[in-house]
Amino acid sequence: MTLWLMAGLLFTPLAWAVLTLLTDFSRGRLVTWGGILVQVLVSLGLWLTVARDGGFHYGLGGWQAPLGIELRVDGLAVTFVLLTAVVASACGLHAGVYIDPDKPWHRYFWPLFWFLWSGLNVVWLGGDLFNLYVGLELISLSAVGLVALGGKANALRASLRYLLAALLGSLVYLLGVALMYGQFGTLSIAGVVSWLGVHPVPAGSGLALALMVTGLALKTALFPLHRWLPPAHGIARSPVSALLSALVVKASFYMAARLWLELGEPLGNLAAAQLVGLLGSAAVVWGSWLACRQPQLKQVVAYSSVAQIGYLFLLFPLTYSVSESVSLQAQQGITLQVISHALAKAAMFLAAGNLILSAGSNRVDALTGVSRFLPFSLFSFGLAGVSLMSLPPTGGFAAKWLLLQASLGSGQWWWILVMLIGGLLSAAYVFRIYRASFLESAGPDRFYHPARSLEVIPMILALLALGLGLASDQVLSVMALPFEEGGSP
Amino acid sequence: MIRTLRILAITLACVAFTGMLATSIWTIAGNSDPGNLPQLLSENLDRSGVEHPVTAVLLNFRSYDTLLEIGVLVIAGIAGISMAKTASLEDPQLRTADSLLYALQRWFVPLMLVLAGYLLWAGADRPGGAFQAGAVLAATGVLLRLGGVPMEFLRPGLLLRLGLALGFTVFLLVAVASAIAGDAFLAYPPGMTKTLIVVIESVLTLSIAMVLLALFVSAPVNDAEDPEEGSSS
Amino acid sequence: MMSPASVLALLAVALPLLYPAMALNAGWVRAMRFALPLLPLPALVLAVGADPGWQLELPWLLNGGLWAMDELRRLFLLLTAVLWTVAGIYAAGYLKAHHLRRFCVFWGLTLAGNLGLTVAVDIGSFYSLFALMTFAGYGLVVHEGTDEATHAGRVYLIMAVLGEMAILAGLLLASVAADSQMLADLPRAIAGSPRRDLIIALLIAGFGVKAGLPLLHFWLPLAHPVAPTPASAVLSGAMIKAGLLGWLVTLPFGEAALPGWGALMIVAGAVGAIGAAVLGVRQQQPKTVLAYSSISQMGLIVLMVGAAMADSERAPVLFSIIALYALHHGLAKGSLFLSAGITLPSGAMRRAAVWLLIALPGLSLAGLPFTSGALAKLAMKESLLEERLEFAVAGYLSPLMVAGAVATLLLVLRYLWTLNGKIETGRNPPMLVTGWLASVGVSLVAFWWMPWEVEGLVKSPEWLPAGYQLWALAWPMLIAVALAAVALLASRLVRQRSLQ
Amino acid sequence: MTLNAWIPVFALMTSLIASLVIFALPEKGYRLRTWVNLGAALVKLSLVVVMVWGVFQGVEYGLSFTMVPGVTFVLKADALSMMFAGLSAVLWLLTTIYAVGYLEDSPNRSRFFGFFSLCVASTMGIALAGNLFTFFLFYEMLTLSTYPLVVHRGTEKALRAGRTYVIYTLTGGAVLLLAIAWLHGVAGDLPFREGGHFMDADPDIHRSLILIFILLVAGLGVKAAIFPLHGWLPQAMVAPAPVSALLHAVAVVKAGAFGIVRVVYDIYGVEASSALGVLEPLAWLAAFTILYGSFRALSQTDLKRRLAFSTVSQVSYIILGISLFGPVAAAGGLVHLLHQGIMKITLFFCAGNYAETLGIHRIDEMDGAGRRMPGTSVAFTIGAFGMIGAPPLAGFITKWTMGSGALAANMDWVIVVLLSSSLLNAAYFLPVMHRLWFREPAGSWPEERHWGRLETSAWLFWPPLLTAVMTVMVGVLASLPFSPLSWAELIALREYSP
Amino acid sequence: MTSSLLYALAGAILCGIGLFGLLWLSHLLRKLLAFNIMGSGVFLVMVGLPQHQGGPDPVPQALVLTGIVVAIAATALAVVLIRRYFHLSGMTGLEDEPASPERGPE
């Protein structure tokens, strides 16, 4: 059973990529619906299995690590797999209606979409440093392809910037992997950890971790390296932006976080951890500030992503040389932040897409009076915004709460200020959109009304982000599931 | 001034980076732990179905990487052809009247085809394999293309897409088929390993060549007029 | 089952309180005018008929309500009900259609407050009804809508609010000191409280605003004259007494001798009695003169209150005298005010009769023998005799009273004089005349049939005072008449001089 | 779980579901929307009545589950929560009726009523919250659901007010969150408990506790409009009248005040707060706010602005009451939670009626409006007198009880504050009433509309009258069981002898 | 100091050069070439660093092979994008951004 679930997870996206490659957009949509169904079922099934039986290692091709590639199927991984299934299917369904089927190049949307999905699954489950690299590239290239789809100059510039950043990030990561392999002679993270368990920490290996984290931070758009993100996320089609912001940046962060959690204690140091935290904080403040100042709706949302990603990097200082419980709180908080940001940001981008579609312009000013005619999408946008503002009962709030507790618990009170200021700034940019939309315009309904299904999808995502806060304990309980070292189906 | 400062800063950063990297490499080389991976590998080489360890790693032990790698290629191909013009590839300016090139084409193309085949075959026990073969094949295509051979199948159509997907699909099918047979994924049924790897390699060669060629073709030439596409939505 | 008295009591308050609801229906507005005299009737019946010791518990009301009747309250209730009845009759004839509805509404509310506070024994309902009366009274004061009325109303309101605040503070402090919500428990608690003087000051000042205590009085000559005549009558006759009642039921009479406060009150009373006269005789408006007269009369009452405070032994006796005097003054002043609104009939005899009837209550006020005034003045004199009182300033009381009597008559004469200048000839509406006549009648005649024989208050009235008493009543009056004559002469001379 | 566990949830859900249904209804579904609104309000009211009775009998209502690790979501009905819940349930019904009339023929009603219900759901949640965390959850939800109501008109002015509102409240929320998180770090997940938790707290954490208390009050004080944090309230009066009514009377300011009550009584415990020395400064602050609000109200020419400053002043009564150490004063403060609500909603309803019927916004336009609109004006008069503290109305009961309590607690200066405030209230309300009743109207009204027989639309006419009657009744019948005063005394009793 | 270590150190230097190129150069094609140089450096480090008694380690070689494919795919895609970008905007770099015109409906 598990075997089939794994197969479904790893290979159906690839298979669907091929299938959709051979069809045009409309048929691709039909095929995709089927694929989404399969993916959601499989992800759910795996999640349930893990929730019931605990996690396990899965060796591909019958080869165990270190010889072969071993996947690590634990609670966190399957949670993200499920998250991906939810968000990606929402984006897929939305895109099926949103994207104009008559443009010939849109047929390539589906294969890229499915490759992206498969790449994500690779990253969530990956336990092998090099395999993760390939997964990352899979994600990056398909994401670049999606951004560039349609090929206008602006989109091309954005995607080129994105591509170069992604490639550089991957290379730096790969350099780290090279050093790692040189040092430890294995590519499996678990192998490295167990090696470190019996040997003293070797000198010079800190750079490997630093390189890997730096590369990943670049791909995650951590503060000074964030400049590629807003153009790319802002200019892509809304469902694509949603995918990018919700999942793609999370993939690289997820890898960085895993590396840090497994190897940070032996290989990292306090200054680095604080530095990363500081950069994250700077991202929170700077990103939010810029988001407040963007004239274009999707740029606002994109800069908001920069800010929200900043929170994620608080994981580094909050888990380095702190007590077990604080570290756990921080991990839980970051996990929730990832999930809730994924849901909320996807909802936000999709809703923003609807708003742009109906207002006929990307500018914030153009939204004047939209609240009167498009309350549903606006409401979804707002609900998602609530989660970004980390107000209760959203997942964003639960996340922030845990991070606050972790900061207090570890005595690093300065992060608290960051979180509070960040929350307020995010409120500022969210309310800026509200403000524009609530402004009464004298004119009659001049808005295009998108299809109902377009409006429903972001709402569902936003509600999920909202409900996450209420159910966060249950969600997080998966993380604490037993993990059978070396266990295999 | 700013420019000077900037270049100074970048240079410094790069030198520092290089220095750190080199130091780190030096240190690691000094105290590295010789892992048991190569031994493990040579122990398991028999079961891999190919004699050459690199190919074994690529197509058996870490075949998942390879599968995804082909995926990356396909993605690049897709993203590339999504940019391509839909207009005819028959570009009169490209057809060369250069007799040297023409001769080169006549002589080299068959040679290169043979070379590609050899590289593919050699991958089993020597350095070489699908990618090398594919690259040579693609180079052949480039040569033809530069010579003005239209190569209709490179037009973004079903044929091209089939070509792009072929290698990948076969690889994937093999992976799943092995599971249907009751084994793990990407595990080759014992005995058929060699055959399957050869099949995979050959289709991969085709696909790789196709992707590279498609990407080559997709890039617009310098002064081609392109009034319609991309400028409107 | 509620006793009839309880039903009456509730009715007495509820009837005028709900009466404004008639204003909601336009068709009933006409009927409102004629309902005015009926409103105080249940209270009247209650005042006459209630058993001594009747009480009504209303545990749900505010902080627990209790309404009851004792002799003091009976007198005040009687005064209030009678005066409002006659003024109601008068008003039915007096009112024009202009803003009739509004007038009736405030009339009802003020009446409800005035009646209710008289029977209320718990702090909550007493204070509530007191406030109701105060605030609704504003509507009566400013009714005419002239600039004067508005100005008077503003002053009235400011003073009233300040007074209310003082009362609230005093009651609050007293209530906490007594740990009780009943008025009856307050005097003892105040006497024993460490904040005694503060509470007393607050209460004296608070109720003093209403009672026209000097320095707190100045709203009164503004407000009483500008109000419609029947309203002036009840303001001056009944509502001013509510302040007095407030003192009587809250201050610690009989609990402790407070010579200091007593002296203060006596001084205040003296200043009020004489100062108001000095100011009053210089007024041009008849109703203003009457208002000063009210202050002056209240000054006399304050004298007695001061005496009662200073001498705890004599307090019960003085209480009855005060109540008696209040009753007398209320009725007489009511009829005087009402007379300010009538017009003279044609025909000399009738005119003379009218003038007589106008003058008689005034003279009664001054202590004309065989009137209620004589009775009151005599009783007052008796009670304030020096040898019976035991405090420092007692010796000044008698001369003060004489001066007060002189002042009273002077003011009455001045009133008649100014009225003479203003009064017009014409027909009176029948209701107006009826009301006025009733008021005069009550003041002069019915006074003697009122239920006097109540234990502990006043001896049954003596029809014919002894000779020395007659003289005692008469000589201040003669002085006053002489003074008035001198003044008249002087003014003639001055006028002639100025004409030349 | 038993039914009792679910009743609070149902009470919460009625308005939440109503809100969702309303959002889904089309703009034109006027009749259905009205019925949904009223139906939900009635259902909620009856649930609250059931709970009030149950709490009186000592039944435990509540449920809890872990939301975030280490933190539970607790809904619980105790005497205090029922007070607030009762207030919001009753006034929701009335305000809904009023709003239906008020917004007749205006755009965006679907949006309005949706957020309106959401706002009430949040209020209910605040009332029923069983710990600070849950409280905070609904507290922030309230902020968000009121924003669209404040900016409902969509004018520049409204949006500016909305921005001010949001800046204030969200900053307050952030401070509150900090305080709650800190408290959680210091003492763990604390349920609201009568008598509080820190009766015999470790002296080592006293400093932290004091700081946390300051933060908590600062965070909650924004909504409660305590002095330096009140700036948003007068601006927010640009909202439609029912919203102002709700904002001022029930939801927002009360949420802040209620929160402070919870913190003082059920988190710290009144004795512990007193021992920490935080109550007296709070009392001074509240007293200052009372006077400050009144002074500012004096100089306002806009009716609703005047009422808004009056709110600033009045809400601090609640805080003053609870920060005086003693059960009587506490009862006085608590009862004002209800009394102020009833009175202030009356006033805002009336202000809305004047604006809607005659186009009157400024006070100098009100001359003679009493004759044109006697019913509304009577209600206004009663409400204003209640605010002044004239007996026997609601405000008097408050002042009397609080004054008695202050004296019992030997804090005589409070009397001065109460009286001065009454004087100031009189100073800014009495002239208004004079204009209403005794001035002649100035010819024509700014913008008059006619509704046939009644002076204004029936939807607008009855709610203020009803609340005016309630203003009288809660005062006159203060000694009945289940009257606000009795209930407040019950709470105070439970708080002081847990 | 073995020969393979030399490769690795050379790789490090290549990495530095490539990084410099990526940061400094603005022409997109040059950037791309710099990327490839850096990529080569990384591959050199990867192959050169692991040293074993039994000769070269085949695993990093396989990895590098995969890496090369990926790099080639990316490079090819980048070239297509650069060409197209140049074709549409006439620009060879990213820095001199024109005033971004308002974007119409998607």
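All chains are identified by letter, namely A, B, C, D and E, in their written order; residue positions are counted from 1 within each chain.
Here is the rule we go by: a residue touches a chain if its C-beta (ideal position, glycine included) is under 8 Å from a C-beta of that chain, and two chains touch if they have at least 3 such contacts.
Since the structure is predicted, the reported quantities are computational estimates derived from the model, not experimental observations.
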Shared interface partners, meaning chains that touch chain B and chain D: A
Top chain pair, ranked by number of contacting C-beta pairs: A-B
Chain nearest the overall Cα centroid: D
Centroid comparison with chain C (C-alpha atoms), farthest chain: B
Chain centre separation (chain A, chain B; CA means) in Å: 29
Rounded Å distance between chain D and chain E, as computed from the means of their C-alpha atoms: 64
Distance between chain centroids, defined by C-alpha means - chain A, chain D (Å): 42
Distance between chain centroids, defined by C-alpha means - chain A, chain E (Å): 25
Multi-chain contact residues (two or more partners), chain E: 8, 15, 45, 49-50, 59, 63, 66, 70, 73-74, 77, 81, 84, 88, 104, 106
Junction residues of chain D, two or more chains touched: none
Shared-contact residues (touching 2 or more other chains) in chain C: none
Which pairs of chains touch, using the document's own definition: A-B, A-D, A-E, B-E, C-D
Chain A - residues contacting chain B, complex: 3-4, 6-7, 10-11, 14-15, 17-18, 21-22, 59-63, 66-69, 100, 103-105, 108, 111-112, 115, 118-119, 122, 130-131, 134-135, 137-138, 141-142, 144-145, 148-153, 175, 179, 182-186, 195, 199, 202-205, 207-208
Touching residues (chain side chain E, partner chain B) in the complex: 2, 5, 8-9, 11-13, 15-17, 19-20, 23-24, 45, 49-54, 57-59, 61-63, 65-66, 68-70, 72-74, 76-77, 79-81, 83-84, 87-88, 104, 106
Chain A-facing residues of chain E, complex: 8, 15, 18, 22, 28, 31-32, 35, 38-39, 41-42, 45-46, 49-50, 59-60, 63, 66-67, 70, 73-74, 77-78, 81-82, 84-85, 88-89, 94, 97, 100, 102-106
Residues of chain B defined as touching chain A within the complex: 20-21, 23-29, 31-37, 40-41, 44, 60-65, 67-69, 71-72, 74-76, 78-79, 81-83, 86, 156, 158, 161-162, 164-165, 168-169, 172, 175-176, 179, 183-188, 229-231, 233
Chain C residues touching chain D - in the complex, by the definition given at the top: 23-24, 59-65, 102, 124-125, 127-128, 131-132, 135, 139, 142, 145, 150, 153, 157, 161-162, 164-165, 168-169, 172-173, 175-176
